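A short write-up of the structure that comes next.
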């Protein structure tokens, strides 16, 4: 019972702040709302006993990425007024089509007759030790490969960011 | 596997070259050496069957002769690309070796996405391909078009990544084997589980985006147009072919047995792609943009492999990659040298530069699919594969009708090259930009196109090795 | 909890992200919406991993249910890399045009 | 040497092809011209020599086969059979005629011109010799591409559009045929190559003949092939590329197009379409004949009101080809024999006709009939030769076309009286437009444009006389040609039983 | 001389050689050489024909096979000659009259430049060659070769003076109308081939072949053949070319358009008599068409003023009589009339030519008159010709025409009545012509009068020869009523028509006319002819030019019943507008429009589809999302695309 209530609360928090992020005119506010979403999702991770991811999520997303966003926004000195005039019709169509996409997916996905329970609060799979073992035993190759990704991102950022 | 390691290493090497070496021409030769090395090492692996370092932990890579053959084609094309257009890379900006480094990273991504055996590596491979490309697209920093293309590419690419991941998530969720390995996806009997179905559709959407298939192609013309031409050449050939190869491998390995359940989507996408690519290309004035649309159109033909999904299609996709890459790299190599990118800019090319005119014509004929060129054999294999599939024969008819339409815009350029007088007094190409070695390489390109057009089994033989 | 709840939640977040991409014109916000989409996927993957953890086949392998969470880890890695490049591009754009309105970008068309 | 190292079909293809390639590298005007002429005469000699080795026992001189694409079961298989021999002969005769007739024409960049011409010849030879579907398709296109370049580069004012229309038309048609080929291929039995490899299917013509296609399949695959051939011939309503293309191409190319290339379509029907789809042939014969006959009357009518001399010839050609097409589908011994005969004769006649038209255009600079007149006073030899060729074109007895047309009509009559009767109206219409043309161009008073023209030069007289001699020889004693192709008719009719 | 039949091939070959010599060397030959060669080859042929005739007369018919024109399993057509009574008779007429006309031409055409002179003789020789092929052929194909060949030569000769557009128009008209007939001929041949697989006379007329033909077949074949005959022999509806054909040189009119070519139709039907006898429907058609033509042409001839036109219509009319004869089964009579007609009509034409020659090219009779004094030989021979054609005994025309009329009476008295009316008109217009030309006063200019002279010997010699033949030629066919066994021609031709006659007598009870009836019939027709004759002489010997335009029927007749105008309105104009419609509407707007329309549609599509590519990321993503929606809908709701 508790779990369900927490789930619902977290979900409402996530969705609500996501919508707020969309609706905010001020980019800074949007960023803040997005951080709230991330926190809610981390809450979900904890609920699912995926503690490692919960922490990483906070650190990487809320901590690093969002701060980066914030920096950029501030750097550009963007505020509400910079958002140009909206095209309501286009927005309406956007919301409608996005909504229908959600609708159609949900309709079909909810049809599964058998209930498939999700392991809540327990289970070792999300614990850091387990994950560390998996990562460095089974996933060495992708782990190493991701260094290439970072290298290229770094080189790219340098190329683009450097003033001529 | 040699390819993955050495392309990464060479990328790092190039990166450091940029930091420590001032010479502007050295990176080019280094890059050519690198591409040649990759070609060689990959060839050795293909020939011997064993890599130098075995990094295939947990069997996450699938090293087959077909995959390696495909990579061999990719590296050959890259080598050719470096040799033909290396000097033009130098002209884009000052970070020459960084550009090459990024290209090598892309090649690493290409190697991954053609040999992946898990969805994770597919994802990583695609990202490693994409991120450097976002950068390369924006490499011409002072050019607003290049900036714009880069941002568009990036935003939409990120969007499609989200869709790809959602698809992977649903596949994972629906897979009772709970595995990301593409050969371990449990589809059950009869109809696919709903989650897998949703996953499949999302994957199709995301991968269609990567290979610029309609209606997810919108980024293509703008990005190809805006990016520095030399990188457009690279993107539209090598990277795109890799995307296709990944696409087909995934669907053949994982969802081949239930093709009937998703073939409709492919049919829709194929036809839409051909329609939009071919019809829109007709009206373009800029050759560069026309080639962008043509790449969409050609994607439509390559999608036939996905439609067919049989042995012939496998042979076909390798051939098609080779044929399409050769021809497009060739035509872009010439386009880069042109003073005017519009079709009128090509007027009288044959008169001023007969060899360039001839090679451009052969490339365009190959793109059209005229016999004796590689373009024909590859189209032929695709059509055979599609007919062999046995379903929805009308798709094949539609395909050839569009192939006929494609003649319209390719031949406009040929007409300009051969049958029209130069529109202005200044030469269509500055003679000093066309060196002797460039001409020789172009001739080699043309000869390769013809060889593949007459005897395509050279390639297929490797794949069957 | 039933997995359907997670699917619904995740899809809702995902679609919110999509709608955000559709309706907002600020490049940074659009990019943030993409991040939201990625997070939705992350959540779903974790949920699936926990779903598979209770399935009978789970006992066979030690790493069974961890795979998806590792995947999430990699998604975060990629997201970080993407952000660095993406923001660099946006800044470059802003430097050149003093605007980050995506609809302002229409030199390339037709 | 023959049979061991090389064979007739190979020579027929290779000689023009190599000569063509050589031509590209010859800078000087006359060098390429002379090489082309020489090569075409050599080809003619080879072709004539091959007539002496037509017998079964010389098979090894007449076929050649190399493994080509073994994974998909294609062999480079070329060979000469009766029909092929006749049409290669036509090709071999046609080219030297054309080269001599246009010897005085100076083409800009003549090295490429003659190179492309010879490549066209090689392509045509290949089409007529191919015994493997893929090889056939290759040559089919190879013959088209050089023509495209020739016409677009050296043609008239509106050449680019006209030729492009021609190109797209034929290209679309041949792509459809390609699908047809693939479809049939996938129903052929497999084969084992000499080196032990096997393929699941085969492209060889025999395999195609053996392909067991269900009647329902034949019903539509048939059309894929037919459209390609119909466009090439061309028959109504696929013909609209033709008048423009004939009008705009340089005359020597028009001669190739109308004299030889249109035969590719007819040849395709005889060699590929009918034997592979016997059931569909029977079923659709009526429909196709009706189309052809509409085309005959239609084209003849248009020719009557045509003011452009070249287009007039073009429409007359459409009418004649329509008759040939109808006769093929009548599928009886007389009609098919007539077609085979007429394919050759029509080639000779129309080349002759173009030579005259070309002369007129060169001498006066116009091709509008209404601007000409009274040429007979100034150029009597030209007039006489033209009248003979034009009358041969409308199948006057004792000229070559009569025998062919007579047999074709007789055959069509056997198939259906009314078809023959209606098609027969074209005999009258042909007389109308031909005589109109003769009257307006040659008779009457001279006009300013024709005031100062001179009669034709010696080499043109010689060429035209050769054609005229051919016309009468074949008209009075056509039996050798009939004997040459007799066997082919039998084979075709037995396959189709 | 038995060998002569083995070298019959020389008979057509000689004129062909003459044609080649004159044609190829026309620039270098002098007029006398050209004329000599042209005439000599015909004379040689004539000599050979006489020998051949004698051979045939002594009972040696001959079938020569030279080589195969077409030889396949399904069809064998040989290049065969058949020399029998019928063809040998025609050989004589063709080469004989032909020779005379060649001789005549050497003088008549003398004013032409030598190049054209040689060309003229070349054409003439070619014509004789074709005509000989026509009659000598052993099957319908060889006949057809000649059949089209003579059409061609007629075309070439009518348009001999090709500068004049009217002449070339006339030539074209002749050729095209002939071609219409030829189509009928060809279709008949196809019909034969499809039914019995052969075209050689002997095989077609054999009992086994005939047994294979149903009544419909025979009727159809014979009708189609008859269509061919109407074209060549200028019968309704295809007769209008013949009067126009008078544009050619007069000897040509004499040879081709009077004596030989136009009788090809009669020859052909006579040749196929067995088929016609087996098809009573066709016979009836033939008779009616022939009779109507005879009357129609005769009425037109009444009001013509051009001397050659009158003769032309008279030819048409006489040909009509011949067809009447064929139609009522009097094959011998028809052939007989062909022969006599060849004599007197050639004579009349040549005479007219002589007149025209003397008048300096004037052909309008209103400008002539009183030539009797100036041209005695011409006048006399012409008069004899007129009497012969009018059917006054014992001139040749009387015998042949009478034979046809008698047979017509047997078939139906109505035929006879109309026939006699025609004969009356014949007498009238011939003597109108005679009167206007030779009697009365000269009405031409002074210069012309000054110029009047008798023609040279090369012209008068043929006139005299022909006049003799016109006068006495009839005696080969004296009817039974006068002399028993007097009909030598019938005897001679009997083997040819033996099969036919046998068939007819076995199928129809045949009752010969009583002698009395025959006398009455003859008497009536001769009397009426005489009446018409004397009325005409009376009226036109004092002819004066009047300027008043004629009205009513006369105007209609002057305008030839407006048949040309009718054809123009019903056939020529619709054909042209149909063609223009095809060309301008269907071809350009329809088919080509469709083809270009596809191109335009693609172009238009390209232009419009371009706008999707708006350049705005938001729009792109929106479209992508919509695309996703579509894909999901397809996946979940659509079974099969």
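Every chain is named by a letter (A, B, C, D and E) in the order it is written, and numbering of its residues begins at 1.
Just so we're on the same page, contacts are C-beta pairs under 8 Å (C-beta built on N, C-alpha and C of every residue); 3 or more make two chains touch, one makes a residue touch a chain.
Note that this is a predicted model, so its numbers are computed, not measured.
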item	value
Chain labels contacting chain A and also chain C	B, E
Touching chain A and also chain E, the following chains	B, C
From chain A, the most remote chain by mean C-alpha position	E
Selected interface, C-E versus A-B, where C-beta contact pairs are more numerous	A-B
Taking each chain's C-alpha mean as its centre, the one farthest from chain C	E
Chain with minimal offset from the mean of all protein Cα atoms	D
Centroid distance [mean C-alpha coordinates] between chain D and chain B, Å	42
Chain B and chain E: spacing of chain centres that average the CA atoms, whole Å	77
Chain D-chain E separation of Cα centroids, rounded to whole Å	38
Chain C and chain D, separation of their C-alpha mean positions in angstrom	64
Junction residues of chain B - those touching two or more other chains	120, 124, 127, 131, 134-135, 138, 141-142, 150-152, 155, 159, 163, 197, 221-222, 408
Contacts with 2+ other chains: residues of chain A	90, 94, 97-98, 101, 105, 108-109, 112, 138-139, 142, 146, 149, 152-153, 156-157, 160
Interface hub residues of chain D, defined as touching at least two other chains	none
Every chain pair meeting the contact rule	A-B, A-C, A-E, B-C, B-D, B-E, C-E, D-E
Sites on chain B touched by chain A in the complex	4, 8, 11-12, 15, 55-58, 60-61, 93-95, 98-99, 101-102, 105-106, 108-109, 112, 120-121, 124, 127-128, 131-132, 134-135, 138-139, 141-142, 150, 193-195, 197-198
Of chain C, residues touching chain A in the complex	1-9, 11-13, 15-20, 22-26, 28-29, 31-33, 35-36, 39, 42-43, 46-47, 49-51, 53-54, 62-67, 69-70, 72-74, 76-85, 87-92, 94, 100-101, 103-104
Chain D residues within the chain B interface of the complex	68-72, 137-138, 140-142, 145, 149, 152-153, 159-160, 164, 167-168, 171-172, 175-176, 178-179, 182-183, 185-186
Complex contacts: residues of chain C adjacent to chain E	18, 21-23, 25, 30, 102-103, 105-110
Residues of chain B defined as touching chain E within the complex	151-152, 155-156, 159, 163, 197, 201, 204-205, 209, 214-216, 218-219, 221-222, 262, 264-265, 267-269, 276, 279-284, 392, 405, 408
